[in-house]
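Note that the chains are named A, B, C and D in the order they appear, and that numbering of residues resets to 1 at the start of each chain.
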């Protein structure tokens, strides 16, 4: 057994992700034509839209993991929820960067309160709070239970924020990035390819991040069992092998 | 369950009357925030739009609700600070009160205190920002809906942060993104009520009401697991 | 008819912040006993009381208290209503008066309000201290107020953590009387204490804890006048208000 | 036209992505050493 979180699966998945990403970049940056109005700025769409999709998917997995954890207390789903949230937050950074950089050439300003970009930024901040809660040094079951509740409620909020902001900008005829872009066949294909590439990368990251979380979990349990044995030692011997649940 | 809620609310309000923290500290803080907004946005700037109205008056609904939001954060923090000292959470668990009742009770107490704050801060905003008052009745409905929306979500998130050393920094980070749409809806519906705009702002008020109901339900459900800590 | 087993712990493990405060406790306590739990600091005394109160969870082993299984949340919730815990914290709201605190906790615990006044008088919190804010009380008076709340709840299992701490002589005698009085009416008491001479006088058994485990499960005190020897059902008849 | 924004966007995103991936793998390697062989993998 090797000494990293890598495995045959992650190596193969990683290779596939890299290849797909390379092709997607080629299409996105080279083969696909510039857009009629935005010229080449449209190429940022291949970055902005897929990263939004991955971020939403990540936070959706967090919600699912939180629900399963609250129902049957399985550590696996608790750790998956935490790992997926971290990846969601990382991809939120990507979508904010790409969104702002796409806005500048298109509207002349980095931030023009585009409904999608605004609501995804609020989502990003919300899950920074979720990650902060998970890092607190609380008793593990207390922390996981509170994180699970937050994991479920936060996703509900993502939807509320999404529609209220959309409604608000719709009121003032605000424009959404890329809504008026004329997409021809090749551009659509590049977008699709880019989405697949980012999904593969996200999956690869999730597996590794989960295994890191699992190792951390094991370390705390080993630490606990060692403390238990030491504690037993205070009495000089006494029954050994009492396996903690 | 309602009995427990009423018991908790009465106890919280009696503590407030005895300690006068909300009236004595949080209310002046709210008024101060209103004034600071006034200083930040110079009153003589005028809006280019249709009728001549100062930027300050135009922004007064949003500024008012920002001040209320800050005051709400302090009131919520206070409401859970009194429980976490001296092991009172253990005593509440030993008493076997219905967690949903505890949630409703705390929420009611904070809502009452916030309503009192809003009345005073409301007058302050009208005076300081000399905003008109086209439809007072609609304003009252809007304020009720917005306040319950703030306190229902606020109480749940304050509970998530309760008992933690980092409570004062974590709770605002958790609750403010959640209250972003509430601030948006409250500001827009207040704008409609205050300036008497044709759009009426009623859809936004509806959003506030739905948000409040949703969070009362979620809060009552989530309080069981939150109280159940070892 | 053998007296009922109130506390039955088998290699119970309980964790506080990832530290095994209890590392395998084996303890049986029968109804009517007054068990003194002694041991050095960090031996797990407080955690043991919290476990028996249903506030701590089991990380290993098994246990039932007052016939409630400690392993599941629902029985633990029911146990909490029947157990009474007095710890270092006083569970009191400083801003409220003694009377307001006791009546709040009494109502929270569904206690008949008429029993409050006799209890307040019994603990010398009557006329003079009734309207005083708890924040202005001395440590001894605060502890007596917490005791008043516990007495009002009339739990079947008394769990007292350093009950004599912070009390003057009269206060300590009062605690001993309350304990004996409660046991006479079918309650069971477990107390953790450093004040050994005072505590061993009232205790019927002494259990020593070390390293989160039971070092010595205690010797029976023959000399304590055993009101408990009478059959259980006889004793239950004269169960009336304190 | 606008290429500077496109390049900036892609550069920032991919640099951060690779940095994050490297951080996870490196942390994984460091933690793997501290956990005994049999407890490393999650097996239901």
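Here are a few things to note about the model shown:
The rule is simple: a contact is a pair of C-beta atoms (placed from the backbone, for glycine too) under 8 Å apart; a residue touches a chain by one contact, two chains touch by 3 or more.
Treat the numbers as computed from the prediction; the structure is a model and nothing was measured.
Ranked by how far their CA centres sit from the centre of chain A, the chains are topped by C. Chain centres here are Cα averages; for chain A and chain B they lie 31 Å apart.
Separating the CA-averaged centres of chain B and chain D is a span of 41 Å. One finds 49 Å separating the Cα centroids of chain A and chain C. Here the CA centre of chain A is 13 Å from the CA centre of chain D.
In chain A, the residues that touch at least two other chains are 139, 141. Within chain D, not a single residue touches two or more of the remaining chains.
Counting only residues that touch two or more partner chains, chain C has 57.
Per the contact rule defined earlier, chains pair up in contact as A-B, A-C, A-D, B-C.
Per the touch definition, chain B reaches chain C in the complex via residues 4, 7, 11, 14-15, 18-19, 82, 86-88, 90-97, 228, 230. Residues 70, 122-123, 125-126, 128-130, 132-133, 136, 138-139, 141-142, 145-146, 149-150, 153-154, 156-157, 160-161, 164-165, 167-168, 171 of chain A touch chain B in their complex. Across the interface of their complex, chain A is touched by residues 156, 160-161, 164, 166, 170, 173-174, 176-178, 180-181, 184-185, 188, 199, 203, 207, 211, 214, 218, 222, 225-226, 228-230 of chain B. Per the touch definition, chain A reaches chain D in the complex via residues 1, 3-6, 25, 29, 34, 38-41, 43-44, 47, 51, 76, 90, 93-94, 97-98, 101-102, 104-105, 201, 204-205, 208-212, 214-216, 218-219, 222.
In the complex of the two chains, the chain D residues touching chain A come out as 1-3, 5-6, 8-10, 12-13, 16-17, 20-21, 24-25, 27-29, 31-37, 39-42, 44.
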